[in-house]
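Below is the structure I would like to discuss, written out as structure tokens.
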Amino acid sequence: MELTLSALASQLGLALQGSDRIFSGLNTLEAATESEISFLSNPKYVQHLASSKACAVIVSQEFAPQVAGSALISDNPYRDFARAAAFFAHKHGEETAVNPLSVIHPTAQLGKNVVVYPHAFIGPRACVGNNCIIFPGAYIGEDCSLGDNCIIYPNAVIMAGVTLGKDCILHPGAVLGADGFGFVRVAGQVQKIPQIGTVVLADGVDVGANSCIDRSTLGATRIGKDTKIDNLVQIGHNVEVGEHCFLISQVGIAGSTKTGNRVTLAGQAGIAGHLHIGDDVTVGPQAGVAKDIPAGTSGSGSPFMEGRTFMRNAVVLPKLADMYRRLQLLEKELASLKTALSNNVETS
Amino acid sequence: MELTLSALASQLGLALQGSDRIFSGLNTLEAATESEISFLSNPKYVQHLASSKACAVIVSQEFAPQVAGSALISDNPYRDFARAAAFFAHKHGEETAVNPLSVIHPTAQLGKNVVVYPHAFIGPRACVGNNCIIFPGAYIGEDCSLGDNCIIYPNAVIMAGVTLGKDCILHPGAVLGADGFGFVRVAGQVQKIPQIGTVVLADGVDVGANSCIDRSTLGATRIGKDTKIDNLVQIGHNVEVGEHCFLISQVGIAGSTKTGNRVTLAGQAGIAGHLHIGDDVTVGPQAGVAKDIPAGTSGSGSPFMEGRTFMRNAVVLPKLADMYRRLQLLEKELASLKTALSNNVETS
Amino acid sequence: MELTLSALASQLGLALQGSDRIFSGLNTLEAATESEISFLSNPKYVQHLASSKACAVIVSQEFAPQVAGSALISDNPYRDFARAAAFFAHKHGEETAVNPLSVIHPTAQLGKNVVVYPHAFIGPRACVGNNCIIFPGAYIGEDCSLGDNCIIYPNAVIMAGVTLGKDCILHPGAVLGADGFGFVRVAGQVQKIPQIGTVVLADGVDVGANSCIDRSTLGATRIGKDTKIDNLVQIGHNVEVGEHCFLISQVGIAGSTKTGNRVTLAGQAGIAGHLHIGDDVTVGPQAGVAKDIPAGTSGSGSPFMEGRTFMRNAVVLPKLADMYRRLQLLEKELASLKTALSNNVETS
């Protein structure tokens, strides 16, 4: 596909500085050719502006003078890059109908324009909304319900009775509704707690590749509207995640914890069970959260600390052994001083 | 399904306090309706007792007076909730036979009442015990052996030659017997160490969704009886886990480490290779274990510390930057004092 | 299969000390029978030499006198064990052709001697090189390209347009080319950044079970030649990993980070986004890397510290609460001393 810079500028409501040209794609500043455009969002890469071969760069007014080619002036280059990229994005897969090599239970109900690939499985009484796409190896258990426009990528698994809103995406290998980890040790035996609840995703939830959201013991494990979950994330049973949250890769949330809206949990962070994380909280990478966090807090560390405390501690932590040495020295010096003074007193 | 409170009390050997009623399910204290029962195990939720609509609550004698409806008195409400829930649990899936859309090698042997879903694969000479259920997309490699009553959920993978005892459950996407991570750098090249061992699960082992247990280099990676493994857990080659252990989500155990029985590893904990973890050890979340741990130890942290040391340190850690400032101040004050005293001495 | 010790010694260029015998396998020192050989690489296990029933042990000259049976003298026992094991290794699976129960798009191209199992899916215009083996449930999206001799184990997923060099292995459940985690919050809404890039694996790359390598926003996420990735690893979009790297289980690398060659990231380590990790860097387990690391550095910790600093700190860390107590005591003592001296001065 080809577009002119002026057409793109017009579509996105951006000002074009420099000559108009035809382009056919987007790329990074370093890799772009003359027929591609690029963008600058992270100032870390500003040194690439001058040398980039891109025929145009989506950029803030501040950095526009440094662009070698044309500039598309944006007050949010990352957002406008996203909008430009949408013209060149294409969806995965090319199947257009229900393939006869899929297995669909006679009691399952499919909406209009549903695509089902070979080797997908749709169980008894499952309801699949309009325009859903079910890839090979996907499993949709009995009594599941999928809203319109959901995409279930290859080998994703939805166990019995789970509900998805509309516009949800399960990336490959994601698992919804496996039994929560509920066991009790009784008289030297391990007894399983039946997990008779379910999982409910609101509209617009994405679940990353190989991420797991367990069914609740009772009631439902819930993920709020437009919350986006990265790869290899674990959500325990009875967890409730709010709306517009970002859960980055390898995050784990233990059972029964509830989060507010617009929460961001960075990569590998772990949240203990039975906690409450307020609205607009940001938790740093690898943080270990063992207590409730009030709304609006940003922080990190294990134990979790408010942001400024964490930053100051992170600077000091590498000095810990040195601190210990200095502490020992102080103790010795103070002891010597006291001895000396005591001798003085005695001898005076 | 409907039950009376008195029937349930009789079945579980509990005392019923309050009026008898019919109920049809279980739910949390907050979500239960008048036709459901609930339970109180974690005292954190005691404030919900008074307002719960549940027609009865399984509860310890201590909290029974605070229950709004009827009470079922238990000395272990979590255990008795589990027993009550068992009446309402239903197993996943509804297939009842070997589906012709599965692929079963002619040399494989299936026991009685085995269920095999479409798109499952059972390889040469594999033996599948009585009453096993093999879900869609499950892969059972050549020469595998499954004891009676195993459940292999969708897209779980068992590579060649792996052995499962009876009553084992593989949750969706679990992988047993992939090659262990064995490589050696030789003269600038990376050489693979063939992984010619296997994996052996004893009876009653559960493996969580998308968890991985690698085949050993030699001999077998072994998981003991009734050990329960949560989602996204990694067990390296040649590891041996004891009986009745709980390995919580995202735990990793590096190669050749051995654990005793009744060990609990909390979420995201990591255990280095070639270690020995004693019986009845409890390792806290995100702990990093680099040394052997004697039997009976509870602790956490990275490096791993015994519980009381860990707790005291966790309290002090957020004060670290403050400690540094105070240490610098002490150094200055002591230096000033010494200078002053030295001047005094000189001038006296 | 049976071999004589002398034949093995001759094949591997090792000296045989002790009597020649026939053996039929390899095992650990502890588990080996008289018809198996073993090896000693980790000195931790040297005490097993005397009691091992192995008919021979591959061992360094230093430890050879302690071997009970025969010894095969090696300057690198682990490497030579690997070479010996190769005689006894057998590849997974027994299918030998393209199974008619697979689904292969008519526009896909398969090389010579390709094996495709039942329930595998190969999409439009995909190219699969000679001798590739595609296991059940594997998904190869449209426009993918696989070099010769690749093995795609059960339920591994390769999304559209991804390229693999030759001799690559995807272990079960690995996912290549799922959409990178790109979202931007705009005016209270969450907007997806289209991920229009791809993933490129060079020759000889292994990707562990259930590991994920995301497609880039633009350009390609790249993994260098002979780099080996363990299970449950997350590689974010636009990451570039060098050659001959080892990424151990549960490692996470955030978006746009680049690593040099021969980098080792130990288990559960996390690397933030947009960083540069130099050649020959070794990062310890659970380390949290938030800054660039110069070539040749070894270290660990969160924040990441150079190795000696990390080791010294790790020793001191368990003393932190004690340090705090001692610091408080010093403050009190110094204050007392100052008061006493000040009183002395006042009263003198």
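We call the chains A, B and C, going by the order they appear; numbering starts again at 1 in every chain.
Throughout what follows, a contact is a pair of C-beta atoms (placed from the backbone, for glycine too) under 8 Å apart; a residue touches a chain by one contact, two chains touch by 3 or more.
Since this is a predicted model, take the numbers as computed values, not measurements.
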Open item on the list: If more than half of the interface residue numbers appear on both sides, call it same; otherwise different. Which is it for chain A and chain C?
Closed with: different
TODO: Compute the rotation angle for the C-alpha superposition of chain B onto chain C, expressed as a multiple of 5 degrees.
DONE: 120
Open item on the list: Can you work out the whole-Å distance between the CA centroids of chain A and chain C?
Closed with: 24
TODO: At least two other chains touched by the same residue of chain A: list those residues.
DONE: 119, 137, 155, 173, 210, 232, 250, 268, 286, 317, 320, 323, 327, 330, 334, 337, 341
Open item on the list: Help me check something: in the complex, which residues belonging to chain C touch chain B?
Closed with: 25-28, 31, 38, 42, 44, 76, 78-79, 81-82, 85-86, 88-89, 92-94, 101, 117-119, 135-137, 153-155, 171-173, 204, 206, 208-210, 226, 228, 230-232, 244, 246, 248-250, 262, 267-268, 285-286, 314, 317-318, 320-321, 323-324, 327, 330-331, 334, 337-338, 341
Open item on the list: Taking the touch rule as given, give the residues of chain B at its contact with chain C in the complex, in rising order.
Closed with: 103, 119, 121, 123-124, 137, 139, 141-142, 155, 157, 159-160, 173, 175, 178-179, 181-186, 188-196, 210, 212, 214, 217-219, 232, 234, 236, 238, 250, 252, 254, 268, 270, 272, 274, 286, 288, 290, 301-303, 305, 309, 312-313, 315-317, 319-320, 323, 326-327, 330, 333-334, 337, 341
